[in-house]
């Protein structure tokens, strides 16, 4: 493989493993996909286009991601459900200094305990990924939801 | 292409051809994607996680797959409908002795005769694929539906 | 990369850029994905299978595509909404004389201004793409919608 092909494969594998981790409910492993000094944010398209810096969900370190999962597991408040993601083809916007900027579309279905399935969220991700060495890790993940109707069940990471 | 890249391309092509065969309604060709001594099973996530061996649909040879399509065509009971699949990026879990183990997410929409469209099923597939020579063929295909609400219309293969 | 791998990558990049252009609302750039002497058609599966040559939407040159976007922007009639596409793996049917024939499945979600999200359209595309030199461009794009229930809001290109 050329370097470019290997880079693309590495990023695609990161995305596939990330989605599988969430969809299969292994949420404790989710923070491992990020570097220690990371940023994770979920926002809406409207807020993003308006330049609003905050989001529905915000974390500024891997520790905060871990806290989020711990709280989620302890609270145990939410009605049992899980997600199923489909990620579209990735677009590599740039690669410089060991960091790749990548965009991708996604659909997330939510399956409730009673079996009810719905198209829960659509949107795109804008990521900065550390690609200097394996395994690739997210430095920054920005999830831009198409809809501003953020469901109160938005607890499981995207 | 490296051997690894060629293997991945071959598996991706198998998935794309498989989905096209079903979505375009060429169901008589569907069993040809399997080796003679195959296993095909559709189950639910809950049953799969509970270790239950049986499924909503089960076939243990290509002949049983053929029977299934024959019955479907003869019965002609079902309301006309078809599917449209989107398969996410594949994950190659292992390759050994000419057999690749592959996981993938999928969404299947169902389009009824009146045009009504819904997100019919989401889930993932766990496959064992014969990759020693072209064309690649399914040895075992396990379709794990996220929802246990198995629609009575679950007749067309997934 | 081999020539075949480079060809596939070029087509995948074209699809990803095309979808991003539409989903991000940069509709003025949409005609640039087509050669000057192009054909663009949206039809339904039923009409396509019946061999009917016309479609819900038809354009026979890049100029007509431009007109379509101009009209859309000026009319400003439609309720604000946008799309989010997921395109499945592409199938390259043939390559000859600098033209590739390509099939792909797609799902399009529509997100209304109030945040309501639905699976708006599913179907497949059959394309003829000029691949003799970069950038690749659509010579002919045929969008075959699974449902004949063509929504009156079908204004944004697919």
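Observations, loosely collected:
Labels for the chains are A, B and C, by order of writing; each one numbers its residues from 1.
Criterion: a residue touches a chain if its C-beta (ideal position, glycine included) is under 8 Å from a C-beta of that chain, and two chains touch if they have at least 3 such contacts.
Nothing here was measured: the structure is a model prediction, and the numbers come from that model.
A turn of 120° superposes the CA atoms of chain A on those of chain B, with the angle given to the nearest 5.
At the interface between chain B and chain C, two copies of one sequence, fewer than half of the residue numbers in use are shared by both copies. Once the centre of each chain is set as its mean CA position, chain B and chain C turn out to be 27 Å apart.
Multi-chain contact residues of chain B (touching two or more other chains) are listed as 5, 86, 107, 119.
On the chain B side of its complex with chain A, the touching residues are 2, 4-5, 45, 86, 88-91, 103, 105-107, 119, 121-124, 146-149. On the chain B side of its complex with chain C, the touching residues are 1, 5, 9, 12-13, 15-17, 19-20, 23, 82, 84-87, 107, 109, 111, 114-119.
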